[in-house]
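Please find the structures below.
Both of the next two complexes hold subunit A, though its partner changes from subunit B to subunit C.
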Partner chain A sequence: MNLLITLTLLSTVAMSGFRRLKLMTGTFMIQSLSIAFICFFLGYETNEAHYYALGMLTILIKAIVIPIIMNKSINKLKTAREMNMIINGYWSYIFSSIFVVIALMLLKNFRQDLIKTGLVLILFGTFILITRKKAINQMIGFLTVENGIVLIELSTVQMNLAIEFGIF
Partner chain B sequence: MELWLIFGLIALSTLISFLIKDIKTISCINISVSIINFIACILLVIKVESFDTLFYLEKILFLDSYSTVQLFIISGVTLVSSIYSYKYILNEVKHQIISIKKAKIFYILFNLFVFSMYLISFANNVMIMWISLEATTLATAFLIGFNGDKLSLEAAWKYIILCSVGITIGLVGIILLIYSTGSNVTMENLNWTYLSKHYSTFDITITKIAFTLIFVGIGTKAGFAPMHTWLSDGHSEAPSPISAMMSGILLNLALYVVVRFYVIIKNIDNLQNFNKLFVIFGVLSLFISSFSILKQNNYKRLLAFSSVENIGIISLGIGFGGYFGLFAAVLHSIIHAFGKTLLFLVAGNILENYKTKRIDKIHYLFKFMPINSAFLILGMLIITGAPPFASFFSEYYILISGIKSGHFIATIIYALCLLIVFAGFLVAFMKMIYTKQNDVEVVKLEEDGNNIVPLIITLVFVVFVSAFLMDIYIT
Partner chain C sequence: MLDYVLIVLQSLFLLIITPLFVGILKRMKAFIRGYQGAKITQPYYDIKRLFNKGMVVSNSSSFVSIFGPSICLAFSIVISLLVPVFYTNNIINFGNVFLVIFMLAVIKIITTLIGLDCASTFGGMGSSRESFISLFAEPVMLLTLSVLYFESNNFNVFKISYAISNTDITVAHILALASFFILVLAENARMPVDNPETHLELTMVHEAMILDISGRNLAFIELASSIKFIVFATLLINLFLPFGIATSISIYSIFISIVIYILKMIVVLFVIAIIRTSIAKFRLFKVPELLASAFSLSIISIAMLYFNL
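What follows is the complex of A and B.
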């Protein structure tokens, strides 16, 4: 479990320095996959079916369909890199580490690590949304925010499957 | 019964616009559906008056007096803008600005938009409320980018990014709020009616964070001032009937969702001063939008900023509270919906003939399009709050409630901003209507009387609200 959370966090932080668009989608895929495995793990622990369903959905949509669509549209583009970011890679690393600290400080009363990771993902997703100029990078930022919400929702309240699908 | 009629008919109309190729039949069906829905909504309003609250589908959907107000606004404005889009779309297709396929897409999205708005006003389950709010974002994003040129695509992208982020922040807030109840989550205790009764078990710290997140997040969609930047682009680029619906209904509905959550938390001890949030954001919206109106050179943008201003007024009414404040806020949301619809539709008519949105390119409208300019003046008077209309009374009551509740600085800024807005409207529209251009021969345009019926219906609504509805509420 801790390993999976670490993987999610690492892939998120790693995203901040990448310029190549394909590398971005790749890391995003790793992030979604590790979230899906977190779902499976929770399902295995609690024996509830809807965790499995959520994990399958995450794999199907966020790890397979969306990266394929993105790679297709990247191939159509002329430039494969994000050239002028508003905040460059070096500072993005620093910011993402600041986000981790903020999340740990704000939510130190919570036992679970999932909700902290979720907050980091939301903060970092909005950060990417603001500082990148390419539309695809902004999409990835938005999807990262969504992944963060899935994590928060997993850790706090267990919704019905229909509603989980709606959030999706 | 009426509920199933409403949702079934809209679904049917979506299906028909998917299958049939003839645009004329599609739009006729669309109009008749919205007329039937309007009648059904009126029946529901009468029903709620005698039963107080109605529940459907194991309490997932419900109706009380506040949601019937929204229902009245939705059905009325939808009726008007579906009648308007009949001629609008036919005209666009005739001049080959859009293809038939695109017109079909317009009607499909239109129906989806209306469907999700009805769902918001019916929803009792807070998650369904949120999901349908998100659904309106998706439907309207495509409608904003409908023209497909660079400006409208940019506006749609801005809209989708800002509103989705806002609404996800709102979702985090909602999740935290439900978490703070401390109970296991079933369908039953996601209901608004359950949450509003069991506020005493809430964890105070988490609830504070949660409501602030909800307010800021969903307030983005309502168009409060620091988060209003999508609004001016989005409303000015969308097709006119859609901008009318967006600014008349959608902003109201987003505010309605925020108010629903406010009702849940306002009785908790130590959280009574959360109405300050409404006051601060309301004053900020008023201040920013009134100065933006003064310097505007695009009349649709001007109307969009005026929506921000009116949302500010409504939220001030809620923030001041008291009987007068709340009553005036509800009344103002109704009159603003119809008045803004009238103005946006007139702006659509002008845009269709002049093909420009710039104020300084339009002269002497009073001679070129006399009927439309008469409606323009009327709409301006309604929105700025001139005496015979209900908007005057709502703004006046908000002023009174502000003084009564002791928010003196906010009240002073409010009064000043109303004056500035009035001046801004006068400068812009008088320039369009009365300024003479010397070297152009004055000929009355033939298209002047083309799309007048929806304007008349809107005016009837406004007069109805001003004359009858106020009496009902006051007594």
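What follows is the complex of A and C.
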């Protein structure tokens, strides 16, 4: 569990400074895969089927279908990397670390790791959304926000499966 | 008393096995690239060959390039006494983290001076690049090691290793491990930062500084840099992944711990070899970006320790 959370955070931190589009989709794939495995792990611990369903859907859509579509559209583009970010790579790493500190400070009294990780992912996603100019990178930022919402949803009180699909 | 004997023995073990690890790294790289490669004992023969060669000293060089390599080797041998290899204990009083980092920095300073000493253009260029990289790497190194302080309330390398080998590995610890791994690559002139095997003038960092040295001095400085690299890898293993290290004196536990140490080292070298063959060298001005990611990881892990994630 610790390892999976670490993998999610590592891929998110790495994402905040990358320029090359293919690397962005690759790290996004790693992030979604680790979130799917978090779902499987929770399902194994609690013996409830809806975690498995959520994990399977995450793998199917976020780790296979969306990266394939993105890679196809990247191959049509002329430039494979983002040259003029609004905030450059160096500063975006430093800002991202400040974001994590803020997120952890806000959620100081919560016990669960997944809520904190989810808020961190939402902040990183909005950061990617704001600072990039290319459409694909903005899409990845939006999907990162969505991954964060999935993580927060995983740790809250159990909802109906239909609502989970809606959030998904 | 037996503790200190063991520490001397383990540092001797580290010194003897260092060229073997470098040979293993070269062999792995050759294997991944698909050619046969030299034997893994080749670095021993290289050092022996260099010891038998004569020494050519440039007319314009001063005492720095004559004594510098020996000072480097002396410092690297002293460092090898200060790190745990396969045995650690809670009662050892030397081996402060900052002392180790300081001594590693002394090696770097003297190599930089050697590069400047012969007044060749490449040497000066290499020195300026090396100091540029270490300017960004050193503060991040201190931050990453302060993560260990927050975890174990100690600055002593042996005590940190002892404390962490008894606790579970947390998220913050793994993030600090990733940060330290980037630093190991950056400080030892490994692949994304510098390519240690080319002699192409535009890309050299470490090689450019020792171009003017030959013979025995070259052997000294090569040994010093490879010991520095293996010491960094040992710190990575024993501070961040210290499971399986011997904490009591018995033949069985020490034997097991030596085997685990060698296995972990081979895994680390394999990861380095994969990174080396799969990533192209960064432009020099992209290197701060890499180190900024290490900085961000270490800040995150400190925040996690502070706010109990």
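Note that the second predicted complex is superposed on the first by the 168 of 168 C-alpha atoms of A that agree within 3 Å, B and C clash if a C-alpha of one lies under 4 Å from a C-alpha of the other, contacts with A are read in each partner's own complex, and residues count from 1 in each chain.
Keep in mind that, in the parts below, a residue touches a chain if its C-beta (ideal position, glycine included) is under 8 Å from a C-beta of that chain, and two chains touch if they have at least 3 such contacts.
In this text the structure is predicted, and so the values were computed from the model without any measurement.
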{"item": "Touching partner for A:15 - first (subunit B), second (subunit C), both, neither", "value": "neither"}
{"item": "First, second, both or neither for A:104, with subunit B first and subunit C second", "value": "second"}
{"item": "First (subunit B), second (subunit C), both or neither touched by A:38", "value": "neither"}
{"item": "First, second, both or neither for A:70, with subunit B first and subunit C second", "value": "neither"}
{"item": "Residue contacts with subunit A in the superposition, subunit B compared against subunit C", "value": "C"}
{"item": "Touched partner set for A:151, first subunit B, second subunit C, both or neither", "value": "neither"}
{"item": "Residues of subunit A defined as touching subunit B within the complex", "value": "122, 126, 129, 135, 138, 142, 145-146, 149, 152-153, 156-160, 163, 166-167"}
{"item": "Contact footprint of subunit A on subunit B as seen in their complex", "value": "127-128, 131, 134, 157, 161, 164-165, 168, 171-172, 175-176, 178-179, 184-185, 187, 190"}
{"item": "Touching residues (chain side subunit C, partner subunit A) in the complex", "value": "169-171, 174-175, 178, 286, 288-289, 292-293, 295-297, 299-300, 303-304, 306-307, 309"}
{"item": "In the complex, subunit A residues that touch subunit C", "value": "2-3, 5-6, 9-10, 13-14, 16-17, 89-91, 93-94, 96-98, 100-101, 104-105, 107-108, 113, 116-117"}
